[in-house]
Each structure stands twice: as C-alpha cells, then as structure tokens.
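Attaching a single structure in structure tokens format; questions to follow.
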Amino acid sequence: MDRNIQVSRLDRQAVEDQEVEIVERKGIGHPDSICDGVAESVSRALSQLYLDRVGKVLHYNTDETQLVAGRAAPAFGGGEVVEPIYILIVGRATKEYDGEQLPVDSTALAAARDYLSEAIPELEYGTDVVVDVKLGEGSGDLQDVFGEETQEVPMANDTSFGVGHAPLTETETIVHEAERALNTTYHDDHPELGPDVKIMGKREGDRIDITVAAAMVDAYVDGLGEYDDAVESVRGYVDDLAREYTDREVNVDVNTADDYDEGSVYLTVTGTSAEQGDDGSVGRGNRANGLITPNRPMSMEATSGKNPVNHIGKIYNLLSTRVAESVTSEVDGIRDLQVRLLSQIGRPIDEPHVADAQIVTEEGVELGDIEADVLDIVDRELADVTDVTRSVIEGDVSTF
Amino acid sequence: MDRNIQVSRLDRQAVEDQEVEIVERKGIGHPDSICDGVAESVSRALSQLYLDRVGKVLHYNTDETQLVAGRAAPAFGGGEVVEPIYILIVGRATKEYDGEQLPVDSTALAAARDYLSEAIPELEYGTDVVVDVKLGEGSGDLQDVFGEETQEVPMANDTSFGVGHAPLTETETIVHEAERALNTTYHDDHPELGPDVKIMGKREGDRIDITVAAAMVDAYVDGLGEYDDAVESVRGYVDDLAREYTDREVNVDVNTADDYDEGSVYLTVTGTSAEQGDDGSVGRGNRANGLITPNRPMSMEATSGKNPVNHIGKIYNLLSTRVAESVTSEVDGIRDLQVRLLSQIGRPIDEPHVADAQIVTEEGVELGDIEADVLDIVDRELADVTDVTRSVIEGDVSTF
Amino acid sequence: MDRNIQVSRLDRQAVEDQEVEIVERKGIGHPDSICDGVAESVSRALSQLYLDRVGKVLHYNTDETQLVAGRAAPAFGGGEVVEPIYILIVGRATKEYDGEQLPVDSTALAAARDYLSEAIPELEYGTDVVVDVKLGEGSGDLQDVFGEETQEVPMANDTSFGVGHAPLTETETIVHEAERALNTTYHDDHPELGPDVKIMGKREGDRIDITVAAAMVDAYVDGLGEYDDAVESVRGYVDDLAREYTDREVNVDVNTADDYDEGSVYLTVTGTSAEQGDDGSVGRGNRANGLITPNRPMSMEATSGKNPVNHIGKIYNLLSTRVAESVTSEVDGIRDLQVRLLSQIGRPIDEPHVADAQIVTEEGVELGDIEADVLDIVDRELADVTDVTRSVIEGDVSTF
Amino acid sequence: MDRNIQVSRLDRQAVEDQEVEIVERKGIGHPDSICDGVAESVSRALSQLYLDRVGKVLHYNTDETQLVAGRAAPAFGGGEVVEPIYILIVGRATKEYDGEQLPVDSTALAAARDYLSEAIPELEYGTDVVVDVKLGEGSGDLQDVFGEETQEVPMANDTSFGVGHAPLTETETIVHEAERALNTTYHDDHPELGPDVKIMGKREGDRIDITVAAAMVDAYVDGLGEYDDAVESVRGYVDDLAREYTDREVNVDVNTADDYDEGSVYLTVTGTSAEQGDDGSVGRGNRANGLITPNRPMSMEATSGKNPVNHIGKIYNLLSTRVAESVTSEVDGIRDLQVRLLSQIGRPIDEPHVADAQIVTEEGVELGDIEADVLDIVDRELADVTDVTRSVIEGDVSTF
C-alpha cells in the first residue's frame, strides 16, 4: 500500500497574513445553493433507496439541477408569486435492478419537496415552485453495480483533484458563521429574514468589511419603517457576531443596493431571489467547505449531487477538507494548511497519486517538529476514506 | 330581436327506438377526463381571479391540457408510482391589467392541485404527478377586456355550433348514472375502486350490454381473491342500478380483459390508468352532456377549459343541452328532442343564426299540440343565456 | 367466419335533403391539423422503423401531440416569429427489442421535422418551432410484439366503433375540395396563401354559404391593397370551384373578421395561426374522412397517430369510410349510405360484432334491388382489412 | 479618477517553479463547454439584436444553459443517436422596447443552432439535439436600459472579483494549445476525431504527463484497428506539439480508460460524450482564460452568457487576463504575474476598488525596475475597459 503522502512547507504567506482577502458564502436560500441542496438531497435519497431495495448503492449522479427563476409581486404585509420557479432535476440513475423497477423519479421528487419545504418554508411546493425530473439511464457499462459493501474501497475511475484548508481565517469564519447563525438562531426569532442571505467578506490589512444581502419576507414586514428595522437588526446581529471572531476593525453593511426614495428594497414573497429573476444551478456557488475563497486553490468540481460511493472528485474534496481540519485540531503550531489529493486511475482511492499537506507554521514552529504527526493523521484519515461516503449518505456532512 | 327559433319534426326514429345504440362515458379518473377536469378547474379559477381582482373576466382559454402517462408498479397490498405522470396546462391568459401583474400561472397550478386531490385522491401532487404550465399572452387584439358585466350579452365572434338532446335513453341513463354512482356513493364504502371507471353501453333491440373497466387501487386489495370480490361487487352494483332504469334484458361485464391465470388484472396504485401508459388530453372524451353518443349529432368543440363568457362553442353546447332538458321536463309527449344552435358572427349570442328544436313526438301526440310551448321555452332559455356563464364560473354545471 | 353484416334502410332523410347542413374542414396548417399531421407522420415513421429493423411493427401509439402556440409580429413585406411554437410529441413506443436499442425518439423528431417542412414550409424548424418528444415505454404486457406478418388478421383488443359515409353531399364536397385545391394548385401560384385555411360550409335549403378563414403570409403581401387582392382572389377561386359541384345558390366569404380600418387583418409570418395564440392537439379537428360533420354520426376516437396494426378504432374508422366509398362507387341508386363497424373483443377484426350498412336509396330504387350487391362489397372489404394497415403505413391514406 | 492600482511582489513561487502543477482544459465538444459556447453565442446574438433594433444593449443574462445527455448506439462505420440530447437555454432578456416586440427567443435558438452546427458538426439540430428556451422577463428595475453608448463606462452594480495570470506555464500552454490544435488543424485532416477532447496536464518537478480523452466519431472508424491507429495518431501529434513548448520530460496518454478486450472504447456517433450520459452546464468547466488551474486563484463566476456591457464579474475576469497578458508581453523580466480586480459598487468600472498586479520577477530583476511600466499598462488597460465589451460582442475573445 502506498499513500504517497508528502508534508512540505507552503511557499506563500498564510491567507490570514495576506494584504487583501476576499471570501463569499451564498446562503441556503440563494438560487445556486437551492440547486446544490436539492441535488444533494436527491443524491442522499437515491443512495438510501438503493441500500433499502438492493443492499448497495447503484450508479447515479444528480449533480445538474437547474433552476429557472419565477416572477413575484412582493408587497408589504404579503404579496404573491405570479409565475412559479421551475426546477429541473437532471442526472443519471439506475432504474431497474434484477427485474425490479426502482422508483428513482418519484424518490427524487419527494426528496426535492422535503428539502425545499425545510430550506425555503415560504415556498409552496407545486404552485410557487414546479419541480420536474429528467434522469437518464446512463451508459450500459456505467450501470454495473458497485460498492457491494461500502466498506470496500473503490478504485479511482478518473483523474480528479481535491483540496482542503484549515484553519479558516477570521474573515472566512465570520462569513461562514454569520450565514449559519442568521439562517438558524436568528431566523427562529425573526421570521422576516428569508433564507437567501449572501455574505461577502473583504479584508484589507486589518479592516474587515462584511456585506450582507438579505432577502426579507414581505408577510412579516408591514412597511418601510419595519423593513428598515429588520435591516438594522441584521446589521447589528452580524456586527456582534463578527466581533466574537476578530479583534480587527469590522464594518457591516446590509442590503446596500436599497434605495428607499425609489421604494426599491430587497423585499420578497418567499425569502429567495429565485422568485424574481435569479436563476441558479449546481456547483456555481460555495465549494465543498461552504465558502468561495479566491485566495485559495479551489476545485471546479461540483460536489453536491455526485454519487458519494465512487465519485472521486466529491470524495477527495470532502476528504481533503476533513484531513485539514483533523490535522489542525490535533496538531498545534499550524497557521495555514492546504491539503491536496490527486487520484490515480485504477488504484484504490485510499492510495492517491499525490497526497500533500502544505503548511505555514506559526512563528517559532519548525516543520520538522510536526511533520510526523501530520503524516500519521493524513494516513489515518485516508485509511478511513469510506467513512466520508457513509457521512454523506447519512447527511452528516454538508457539501456546499 | 330575432332568435330564429324553429320547431320541427326530427326526421328519424327516436334513438330509444333504433335497433342498435352505443353509448360511452369516461369516468372522472380516465386520463382524458382528468385533462377535462383540470382544464375546467383552471378555467373557473381564472374567471374567479379576474372577477376578484379587476371586476370582470379577461381573455383566456385553457382548453389544451396534455397528460403524459407515468409508470407504476402496482402490487396487492400497495405498490408505488415509479415515474410520475406529467400534466402540462396549456393555453392563453391575460397576465397584466392596468399595470398590475395577475398570478395566472400560480392560480392555474393551485386549481389543478386542488382538483386532482379531490378527483384522484390517491395521487400525490408533486411526486406521483408533476404539473407544469405554459400560458401564453395571446394576441394583442384578443387581450382587450370584455364581459364588463356578465349580464350583458356578448357578441358571437365565431361561427360555432352546439347541439343538445333530451331525454336520455335508458342506455344513456344507465351509463351516466352508473359512473356517477360508482364514483360517489359506491366509492365511499369501497375505497378499492379507483376513479378511472370507463363504461360502455351497447343496446341491440331489447338487450343492453354494459361493459365496465374499473381500475382497482392496490392498497385496498390484498390478493387475487379480494380482487375478484371487488370486481364482482362492482358488477352486482351496476346490474342492480341498471334495472332501476330499464325493463330490458341487461348484462353487465367488468374488467373483461383480466386474465387471472396470467396474473394480468386491472390493478393500479392510484386508481387511474394514467399512472401506466395511458396518455390523455382535453376534448377527446365525453361531450358536454357527459356522454359519447355516436348515434346522435355531436359537436367536436372541446367544452372544458374554454372561457365561459365569450366562447360561443362552449356556451352553445351547454345551452342547447339545457334547453333540451327544460323542454322535456316541462312539456309532455316528447320521445326525443334535438336542439341545435348556430351562432351568427357579429350578433348577440342570444340571437343565434339558427335555433332549431327537432322533435320525435310520442305516439298520439302531434307536433302542433306542443309547438308553441316548446317555442316559448327555447325563447326563455335563450334570453337567459348569461346564466350559463354564471353557472360555469360557479361550478354548478359539469362540462364533461 | 361470421361478419355479422346487416344491410338496412337508414331511418332519416339523406343529409343532402335535410333542411340545414353544417360542414367544416380545418386545413393542414390549422394548429389541430398540424398535430394530426405530426402524429400520423411519427406513426408512419415508427411503423417503418420497426419493419426495417425487426421485420414487424411493435407496440406504439403516438396520438397525443400537443402544440403550444408561439408569438409573432407579422408585417407587410415580412415580419418575424418572436417566440417559437412548441410541439410536444407524446405517446408510447417500444424502445428496445432483442437487446437492440431502437432510435424511436430520433425517428419521431426526424419525421416531425420532415412533415412540418413540407406542410408548413415557412416555418423554420428549430427556431420558429421547437419540437420535443416524450415517448414512454408503455406497460409490460403491451410491449409484447404483434403483427408478425401484417397479412395475419389481429384480434380486437377493445370495444371500439367506426363509422363512414358516402357519398359526400355537395356542401361536404365543396368544403373538402376547396381546402385541398387551395393548399395545392392554388398555393403553387399564390405563395401568399398560407396552409392554415379553415373552411366552414353551411347549407340552408338550397343556399350554400362558404366561409373561409385564410392565413396570408406577410412576406408575399406588400400592403393592405395587395392583401385585399389576395383575399378577393381566394374568394373568386373558391366561388368558381363551388359552382363545379353544385347548382345551388353559393355565397363565399373570406376572412370576415378582418377590420381594415383598425388594420386588423389575418396576416401571419408562417401561414399558420399557431404562430400567434392558437394552440392545437390531436383528434380535435377533422374526422378520419377529412371533415367535421355534425349532421352525421361521428366517432370521437382520434385516428391520427394510432398504431395501424392493432388499434381497432383507427382501423374501423378508415375501413368504414372505405367500405362506404366502395359501395357507392360500385352500386347505383344510393343517395346516402352510413356504414358502422363495432368490434368484438377477442375476435379477429375482420369479424366485427356489428357491420351494418344503412341506406337511403334514390327515388325509384328499392333496398331489395341492391342489398345483395352491397352485402358482397362489405364482405370483400372486411376480408381485405389488413390492406387498411398497409395503406396507412405507406402513407396512401389520409387520417384527417 | 482613482484606479487604486497597486504593484507588489507575489508572495509565492512562480507556478512554473512549484513542485506539483495540475492543469485541465475541456475541449469545445465537452458537455460543459457546449453549454458555455451556446450561452456565449446566445449572449452575442442578443447584444447584436439589441444594437440593431434599438441602438443599445438592453438587460439580459443567458448564463444558465443546461444540457441533459442523450443516448446513442455508436458502431464502427456509423451508429446512431437513439435519444436526443436536450439543451435548455435559461436566462433573462428584455422582450419589448418602446412598444416593439423583440424576437429574443427565436434569436437565441438561431444562435444556438448556428453555434452547434459549427462546433459539433456531426450533431443534427432538431433530431440529435433538441434545444428549448426559457427566457424570463427579469425584474422591473433591471429592465431599465443601459449602455446607451458603449463608450460610456457603466457603474459597478455588484461587488465582484476578477483574476488573470500571465504568462502561462509550459504545462498550461501545452494543455491549451493541444486542445486548440486538435480541434482545428488536426481535425481538418482527421475527421475521426470529435470535438470532445479533454486534456489534463500534470507536472511533477520536470516531468509532464498529458492525458487526453478524445471522443472518436464512429462513421470514420471502421474497426478496432483503425480506432487504435486514430488513438496513436492523436498521441503522436500531442507528443510532438508538447515538445515545441518544453524541454522537460513529456509523457502523453490517450483514452486510458479503453479496454480493447472488453470492446470498451471511446467511440461516439457525434463526437461528444453528451450523446451518452454526460450532462453539462455553464460555468462548470474552463475559466475565462480557457483553463482550469487549481494552482492559481480562480473566480467562481461563470463568464459565458453574461451581459458584457454591465456584468462586472465577466468584464473583470476578461480584463484582468488581458491586463496580465499585456504587461508580460510588453515588460521583460516577469516570471509570474497575477492581476486582481475588485469592483466598488456605485463607482465606474474603470475605477476599481482594488487593482493589484502581483509579480514574481525573474532572477536578477527587481520589482522597482519594472514597477512604473507595469503601472502604466494597467492604467491604460483599465481606461480602455469598454473595449472588452466591444470584443465580446464582436466575438473576438473567447470566454471558456
């Protein structure tokens, strides 16, 4: 067995120390995230369907959901969707096994419905949003079964690349946590905040600017005064949250494109801009770690919707992130860590062609001090690669 | 005012007295009837929307719903839909009025959903059936408003033809009543009977053969024995019902295409053959009086989904039936009555080009004895033409 | 062998002698006819595909084509299609046989393209009209092959009904021939006339009113003057043609809804009203004999797109018309003939349950004089039933 | 005017000098590239339409094309497409201006057809591939016109980020040039090579591995021997080409997943894997410079299909690449250059919030030696920002 693990010095500054840093996160109600979420829900549901019916996951990929925006007429106190959002679930799936027909289309639709009702509760399924499905059969040779027992490590069938980082910078942390908090804790008390929250963080030196675009839900906002209060409440909340993660100067702006004089504000019926003109698709938004980080290497591979048993790009993107997080949580002295995994066609996926951990150490720490520990952890996590598949199927890990 | 009413002798035998008679009714769960029902529900909902929002019915037509069958895997005790039914609502509607956007698409989808959940309750909206909508804007000149007050009689904008008959023959009555009873009273006690009930009646001389094709719902049928009981129960029920309406010889067959040895029976998951290979569309099934009667003149015009304010074909088909029924209920001595209305472009629709009532009198009755009464009733009903529109909008009259 | 042939007196006047007669024909460019034509072309192409590839016609039905109208901006001298017409080919087909995949979808699309380019030449495929296809697999038991050799007479699998008439009345003849002539001979010299020609004939006593709605093609019409000439030219042509078939009083009107003052005329870019707001579907227009004849019994069954090997409704509609035409061309003294065929489930289709020929004889002719001849011809045509299938597959017979 | 231009040292090794480098290019026939190409063609066509009709580019975005793969049955000597590829053009466009309807749907379809027939000539439009279009109207306030004269510099309406690099490394150059040469010069003499050529380059130290996946077109390949020759020919050609750009060790593999014993080779009917199971969408493949370069910062923004007049992400991605190329072509001594542009909402787009040029100089060159020259060039190119828009509309620049 050869895992080809390399530990080396990362030949740049830690992102935390670079002069300019840009980070973005599209919240779960953003049209691209809706597609990611639907695609991944459908994927999980199909994995479960196959496990329930035939005891193993069969070939499928559902990573191409497309959203066509609708039209809405929002109004303070409650407007209406005029033309529904259209979502097309696209992909491949095995529809028959051992003579038994498998309800992949119905399962996909049910998964999409359940996901949407949880993620975008104001969106009425079937009238505000129409979901259709086009799942092809895939090619004959891809239809062979695999993953008889997911404990077996599958072979890499493609040259693919995954990259992960840890720890998050302050700006990355703020952007990520702000969206998560707004869409959970904050939303529980503030139903006027819709799930389409987009957060951009920009740091120049020691000043962090957080820009939030937050879709307000009209039924809970009675007029411009209440709207303004809602915006200010989000601003204050994010400002407070940011200060928990940094001592740098922080500035938060919310809905900067609003023009109160023109009556042009970010008001929606359903809490997502998909209701009015913003299309979306899978893999165009957040990377597997939930962020868009142009300062760091990123993989272009869409993670959401891919088959978690054998899609090497999905597995390596999630695994490299997991490796990076494990290393930095267990080993002290790492200021920035980048883990890259490159697959080798025809070899088990726990034996990558390249597995390198590139490190910026903290001041006073030498790479040699921690190299062996890092190597051990990378080795251990690679050995446990099938646990990534398990976590994905059970919904324990987010892909966007 | 000139209603051009003619009363004359019908130059053939009453259908009741002809040697061979054929009648058919497609029940509400038949794919063609599903389309009729969806189209008419959407039409009613749009009329209501326009009345609520702008005080008058605007231009629309929704008479082109298309159903693409799904795939299902029925099984005794409960199977599943594998591939959803796809329904496309097609038509034209006015989407904007006085600067206000009108939610015609969402309204259409909501109407379809509500109708389907009532008519085909076993069909889960959004997973067993996907409904999409393509409503165009229509041509500029058709977008002018009309029907400011539905009490005003609109002008005929087309040469169109409607025909109605009364009274129903015994065979017609049996076919019609059997489907209605099976899908209401009988179904209340027998959930195993699905709404896709197709009934064909054939009379040769004094023998009436009733053939019923009845979709059984698998969740309520545990095996072939129960299935056979369910079939026999339907047969007995229809046989009893038929005898209430005739003294002729009656023979009833149910699900004649079943082959128990091959295990080939009419078992469904949802109670409609649309789940498995039977497509449907508007205007291909029952005529406006609920029957298909090749022995009688019929209009090819689809009635369901048409705009009830100004679509002359729809109005005349419903009105001619209403006229025929009024005449035969109020005037004795009529064995068969056929009412034809032909519109005259550019004239108010209560002044048809031709309104003729052709009559086969009962033995001993002369046409002259009843002519004046008939003429009065036809005149009265024509004068009340806008009441047809009102009944349609309020859902008081069936169109298929 | 029992053909159950009955010859009897038709208990009504010949349609030619009735006081009021209505006839309609939707030309090949009418939205409903476009659907009929596409559906039948697809059907023929699939029959040919199956014959070429596996030596027999497999199960299919393509009788549910739906057309959603587009939008156009016609203008004298040449306008443009703004939003394409959308055509969805719906049905069932066998997609795999003996392990070989059969290109049914591609074949259907190619057939539709070829048909449209011939029938509506001004319509550019792929930009003015988008054609998509949804052909399901059908149910398992319907997928069994049949028609091993089309010389074998298949069994009736349904109770179905066909009806045919001959000879055509003067009004019927004029309506039918006028559309055919306008769309062939006349069109060759007059490219400004589009294929969407709808003709309604109404006869009251001895006066025949012919109303033509004729879509003009804008590229060939430079202004209102030329348009008016084009309309007058059609009027004159139809007037002349009508007089060849009748000595009755004839009145012809063309495009009566035009309003020159308002600039509202029947001008189109492509020659069909489907470009602007008129939807269409199969089986809603002309019956199998090319006409809509409310004065006569009609079958509701769509003929176009049905499988010609085993769809009993299609076969009996075409066969009954063929029988009626053969009888009246070979036997003198018949003023009106109506042929009805009713199938018997489980019996070969050349042994119908009922095959009756009902006759109105000409003055001086007794039914007894011709009964034997009629019976022989009906018998001969029934024996030759498989020739209907052959003619349909080879495109020798029109279905709408 | 403040362009905020900064020139600084890039705090990492040049990519050329890093130990491991990965580069990928999806050829024009790859499903994702097909979507990029269609989206960008549609965008160009709409820009032209607006310029022709109203003298300025109106609001639109067409960056969401979705491709659903078909099914094919390739065979040596010529197979066939069994189920067509389905492409849905999604986006927003202004459909009416000053009372005139603009044919955006038809224009989009025509652009897609023309692009496909050039890029994937074996793909028959309308039968092998069905293209449909869903272009919404967009929101009211986005429908205001803009770009009255494209010489005026528009305001940034979003915070967006673009990044460009130059010069390309040897590996990047080889990957890019190999695809371009295969799909032009080579293809001219070798029709058996389809446009779906995917090239991955991996460099470890001084060894470059080039892996080519090349779809062969079955009509031009008569058997496995010819296929093998075709593969070897591509290998040799790429090998020769690579050596023109590097002195490092080069290894080229073509179609490594082939298994001759199993008869499993990369044979297609149309030259693209979209014919059989590979879906695609916009923005999932090549970045604006034609490459996927995980070693370098990348923008997630899709460039293809975006409005080139006001979409700041598109403009900045193209402009930053153009700046980087200009600088390195005019200034000596640069080993690696990275240009980042960050927009500032509400400011003209030629006055970015950040415009930094980060440089790795060649040995012996100091940043100070070239700083002024670099600054001048960046300033000049920013001043000429509207030329990017012009180039895009005229099709002079590739976006993928």
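Chains here go by letter, A, B, C and D, matching the order in which they are written, and residues are numbered from 1 within each.
Everything that follows uses one rule, which is that a residue touches a chain if its C-beta (ideal position, glycine included) is under 8 Å from a C-beta of that chain, and two chains touch if they have at least 3 such contacts.
Bear in mind the structure is a predicted one, so any value in this text is a computation, not a measurement.
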item: Chain pair repeating C-D, as identified from A-D, B-C or A-B when over half of the contact pairs by residue number coincide; value: A-B
item: Rounded Å distance between chain A and chain B, as computed from the means of their C-alpha atoms; value: 51
item: Chain A-chain D separation of Cα centroids, rounded to whole Å; value: 24
item: Euclidean distance of C-alpha centroids - chain B vs chain D, Å; value: 56
item: Numbers and ranges of chain B residues touching at least 2 other chains; value: 71, 83, 86
item: Topology of the chain contact graph, where touching chains are joined (line, ring, star, complete, other); value: ring
item: Touch list for chain A against partner chain D, complex; value: 8, 11-13, 18-20, 22, 61, 63-64, 66, 68-71, 83, 86, 88, 90-92, 134, 136-139, 141-142, 157, 159, 161, 163, 200, 202, 204, 211, 256-257, 264, 276-277, 279-285, 287, 292, 294-300, 302, 340, 342, 345, 354, 356
item: Chain B partner contacts - residues on chain A that touch it in the complex; value: 71, 73, 80-84, 86, 95, 101-106, 109-110, 113, 125-128, 130-133
